[in-house]
Amino acid sequence: LRAKLIAVIGDGRIDDSERTYHEAVRLGGALVDAGYFVLTGGLGGVMEAACKGARESKKYSFPRTIGLLPWDKAQAANAYVDIVIPTSIGFARNVINASAASAVVAIGGGNGTLSEIAFAWQFNKKIIAYSNYGGWAAQLAGTAVDSKRNDHIIPVQSAQEVVAALEGPDTTGEVEVEH
Amino acid sequence: LRAKLIAVIGDGRIDDSERTYHEAVRLGGALVDAGYFVLTGGLGGVMEAACKGARESKKYSFPRTIGLLPWDKAQAANAYVDIVIPTSIGFARNVINASAASAVVAIGGGNGTLSEIAFAWQFNKKIIAYSNYGGWAAQLAGTAVDSKRNDHIIPVQSAQEVVAALEGPDTTGEVEVEH
Amino acid sequence: LRAKLIAVIGDGRIDDSERTYHEAVRLGGALVDAGYFVLTGGLGGVMEAACKGARESKKYSFPRTIGLLPWDKAQAANAYVDIVIPTSIGFARNVINASAASAVVAIGGGNGTLSEIAFAWQFNKKIIAYSNYGGWAAQLAGTAVDSKRNDHIIPVQSAQEVVAALEGPDTTGEVEVEH
Amino acid sequence: LRAKLIAVIGDGRIDDSERTYHEAVRLGGALVDAGYFVLTGGLGGVMEAACKGARESKKYSFPRTIGLLPWDKAQAANAYVDIVIPTSIGFARNVINASAASAVVAIGGGNGTLSEIAFAWQFNKKIIAYSNYGGWAAQLAGTAVDSKRNDHIIPVQSAQEVVAALEGPDTTGEVEVEH
């Protein structure tokens, strides 16, 4: 038995009055409803919203949310992270978000989200992106990051579509990570 | 509610016929009995034993074991890791084992264990070491790594003593991690 | 006296018959002509071309090229790297390319280049991108990665324009990296 | 032509009145006299002393000293670092000090030095340690870190002995780094 971790990535600086925040709450809930764990960077904004949504799911049981913090202070985690992992490696923890996830879901997002999408592509992970909440997720939804893979970033518009995409076929093909 | 992660560190190359393996199984069980999560490097030997013990605890419920793998292949994890986190940063993941744990317990151990003890000291974590299973744990049990901290590595001889040490006072004092 | 490191980033898989390779050779030469050191990921393609160009500059003296390799084998470095730094942290070394450079110059490029641009934006580095060699450099030339900074990625079309942009005003403003 | 990097590791908090500092100055000078580059963690104490010594060598030409800083601020480097590499990955940069060096020389040292020795052992690097300046270098001089390698840490008492040990046979044998 292995936990299936789905990374939710997006802007850490939006507040809980924004529609992106509300959708990220729905997304966190839908992921736990469907049996997944929610992996985030552990901080605020979309990260907080996804963890909050996870906790509100009727299928929730402790623990279901994992937060990979950039620095060493566990207190920096948002209130809804069950398993706090202070990495102490700074923004390089974005690499681990991509590497540790079964799949990555992006909503909105700035440069941090962009770096995580780039690494998820490198690690040959299924990438799902909201086309209707702006940011890098919307810009990249439906596109290919580069020609190394034959598939593309799966565009979605709702948490239900995310879950359907997660349960759909693996289109990432076989890409060798060179060592 | 936050998971309390206890890192169990030791030799990844011992097999399940060795007394160190058996003690690490008992240790994993005792940690889960006492309400803790077991954090390891996710591979074999002591890491496997601690996860196996965790799963055998009567207090076990999924998930209680977390494995921070050095590379990107989740399949490298031992069979008892509930939450596999392939970090893709190689041996630098030893830093995260130390950084993410509330406390670190060492049994036996070679150079990897030594590096994790060194980082746990840096991150001002409580460090507990078996004095009776050889390796770096035994060499360092009861000693101070350097003069930055006033406390020492707590020597133990059984899983029960580990749990008692975890519940004992925090003697690590206040050390600022410089940025 | 401090070396000024300019990171040259781009596709590691192009060969020396391609026009992007030829431009990267010219770029490496122009950077050394202007007194800079050339920092790359140490592997092939654009990384090799920039180092090769550096060595061909009349102003070249050993050492002027630095290669931050992802893994532990120094032999993986291209033949023109003077200072090989095998990082052993995998693709997380992309973070260091961005962090260690005074400025970043992108030409062409796939997901690795994209991640380095994203981190360079985070670290508030001047970013210069060729608009006329395709890839992520061309897609992002003249744009802002997100709203955290007020400036944009400086578009260029030649090595001479790169050097002019490097010597131009610092438009990155003051952005605090949070710890 | 490749720069041969020798990592000098030791306590970052000693000041320039201490005999360890003076010996590290001599060591930096002797390394440059012998044609090597000096790789350090870029900060104070032994790191500063080794870079200072390098600059004072008659064989010195710019650049010969490389500093791998833990964080993102280049200004944190000591005054004698020629090539500043702010890694932004925190103490995980200790891994790179070990990985990037042809050989590692330890003098004195606390937990940071200990972690670097542990990683240098992992990466199968020749390790040389002063037996006469205390700290972890003295404790480990002449010993084996664990049974993975058949050799031991080479004990020395002067900069001349360090250079002789560097030019002596490679006794590290063949150890595969697993991926």
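Here the chain labels run A, B, C and D in written order, and each chain numbers its own residues starting at 1.
Throughout what follows, a contact is a pair of C-beta atoms (placed from the backbone, for glycine too) under 8 Å apart; a residue touches a chain by one contact, two chains touch by 3 or more.
None of the values given here were measured: they were computed from a predicted structure.
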Those chains which touch chain B and also touch chain A: C, D
Between B-D and B-C, the pair with more C-beta contacts: B-D
Identity of the chain that, by mean CA position, is farthest from chain B: C
Type of chain C:chain D copy interface by residue overlap (half), same or different: same
Distance between the centres, which are taken as Cα means, of chain C and chain B, whole angstrom: 40
Whole-Å gap between the CA centroids of chain B and chain D: 29
Set of chain B residues in contact with two or more other chains: 71-72, 88-92, 95, 179
Contact set on chain A toward chain B in their complex: 1-3, 5, 37, 62-63, 66, 71-72, 74, 81-89, 92, 95-96, 99-100, 123, 177, 179
Contact footprint of chain D on chain B as seen in their complex: 71, 89-92, 94-95, 109-112, 114-115, 117-119, 121-122, 135-136, 145-148, 179
Residues on chain A engaged by chain D in the complex (per definition of touch): 71-72, 88-92, 179
